[in-house]
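These are the structures in question, set out in turn.
The two complexes that follow have chain A in common; it is paired with chain B in the first and with chain C in the second.
Up next is the complex of A and B:
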């Protein structure tokens, strides 16, 4: 159950999602990825993508305009 | 429901290392109240000059609020199918078009049935090579800039510096376009056909045709997403 972080602060629209996709492909089942974002579009489209893939997702607003998206690779 | 128990196990993994990150957030409610008061004052002052100005101000604020909360994005509607295969925003835009079709037809028909000149007919413009070129340029630009017109304005309001830069160049680009518009108009636009669907299919027919096309596009969007993303679909 390894934990990985991905820093996407300052990245504009499609970039956080694309980086997340690539990173998730490297993880094994049971691993957790924490993506730090500050773009509100990504706050919507990363969890949506992750849920479509069947992963567990949790979003937390750690600071004004900054979120951490926690994705658990379940399969 | 089962997702919540698994999600809490995911968060229990990270708690230990991440708890130091959480800073106390500044309370933004006082600023929020001030901004709302400011908006009301500006709206009332402008409405004294011309009631329509107050109306536009209010509509602008409402549009921005809805765009921001819903994260509706024209750029995402065109870009996501290519990048991730997700068409949820594309379908949202299609739904918006469908509703708009009904409403605008109602407005135009209302004027027509009273024998009054139909408003907005100046927007029935010819389609031509200029439209295609403009579309491609705008598409490239909006993906790089991270927003089209409404999205850029909304993000300027959110405080994104990048979109403030986009807005500045958006204005410059529009000025350049306006300066050259005569050339495009003469060389391409006037040579294109101009079609107002109710002239071709009648009022009811036009709505039916347009909604049918939108429905086909909606179905195509659903199929695209299934093909590209597979797995669990709601």
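Up next is the complex of A and C:
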């Protein structure tokens, strides 16, 4: 049930998605990963990928042009 | 001032506003809008939509501005290219379109209140951006078009060349992503 963070601020597609995929593989079931992004298309492709994996996803707008994607590894 | 703030707070929660300006359009909506506007630009300007060729003209105009001359450069040697350059920056449909894209993108990000100046994370990013931009720009001129002029507009004009371009675009993207994961992961 640990919480991890991944700083992808200042990084353009598809690097945030690639890093998220890699990081999620290291997590155990039940863990949560918070990905910080400021690239709007990462706000689309990261949740899309995570939902396809069957994970729980939430997006929070933390500032102008800045988001946190919260992904729970459910399986 | 308070009334202004209240107005904008209310606007930010307005359903229609959020739907149009805040939430990204779906790929389908985007595709339909692009299709409509490329027909419009074809009809109005008489030439298919292109982006990168205009940047080469901007370069030529800048070079002229400092006293240079591109008349004998092979790329600009055709009568058509010379006519475009002689008409000038403000009489060029491609210039207006590209300025529209740049200022339109700025307006869109401001309307969604998503404008942000991003920090540069590493020197690697700078090198990759400059090198990538150069290779893309140079390649687009060699191919007489980028993914808009040589791919999108070509396919929309029922040209086989667009499909050939698409095939090699995928090959390029494949090797590009290999490089990306090698240097940025």
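Here is the rule we use: the second predicted complex is superposed on the first by the 75 of 75 C-alpha atoms of A that agree within 3 Å, B and C clash if a C-alpha of one lies under 4 Å from a C-alpha of the other, contacts with A are read in each partner's own complex, and residues count from 1 in each chain.
As a working rule, a contact is a pair of C-beta atoms (placed from the backbone, for glycine too) under 8 Å apart; a residue touches a chain by one contact, two chains touch by 3 or more.
Everything numeric here is computed off the predicted structure, so don't read it as measured data.
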{"item": "Combined model on chain A where chain B meets chain C, clash or fit", "value": "clash"}
{"item": "Partner chain in contact with A:44 - chain B first, chain C second, else both or neither", "value": "both"}
{"item": "First, second, both or neither for A:1, with chain B first and chain C second", "value": "first"}
{"item": "Partner chain in contact with A:19 - chain B first, chain C second, else both or neither", "value": "second"}
{"item": "Chain A residues touched - chain C or chain B, whichever exceeds", "value": "B"}
{"item": "Partner chain(s) touched by A:9 [first = chain B, second = chain C, both, neither]", "value": "second"}
{"item": "First, second, both or neither for A:72, with chain B first and chain C second", "value": "first"}
{"item": "Chain A residues contacted in one complex by chain B, in the other by chain C", "value": "14, 18, 39-40, 43-44, 63-65"}
{"item": "Complex contacts: residues of chain A adjacent to chain B", "value": "1, 3, 12-14, 17-18, 21, 32, 34, 39-41, 43-45, 48-49, 51-54, 56-58, 60-65, 68, 70, 72, 74"}
{"item": "Residue ranges of chain B in contact with chain A within the complex", "value": "3, 6-7, 9-11, 13-14, 17-18, 21-23, 25-26, 28, 68, 71, 73, 75-76, 79-80, 83-84, 86, 88, 143, 146-147, 158-160, 162, 229, 231-233"}
{"item": "Residues of chain A that touch chain C when the two form their complex", "value": "9-11, 14-15, 18-19, 22, 38-40, 43-44, 63-66"}
{"item": "Chain C - residues contacting chain A, complex", "value": "24, 109, 113-116, 118-121, 125, 177, 180-181, 184-185"}
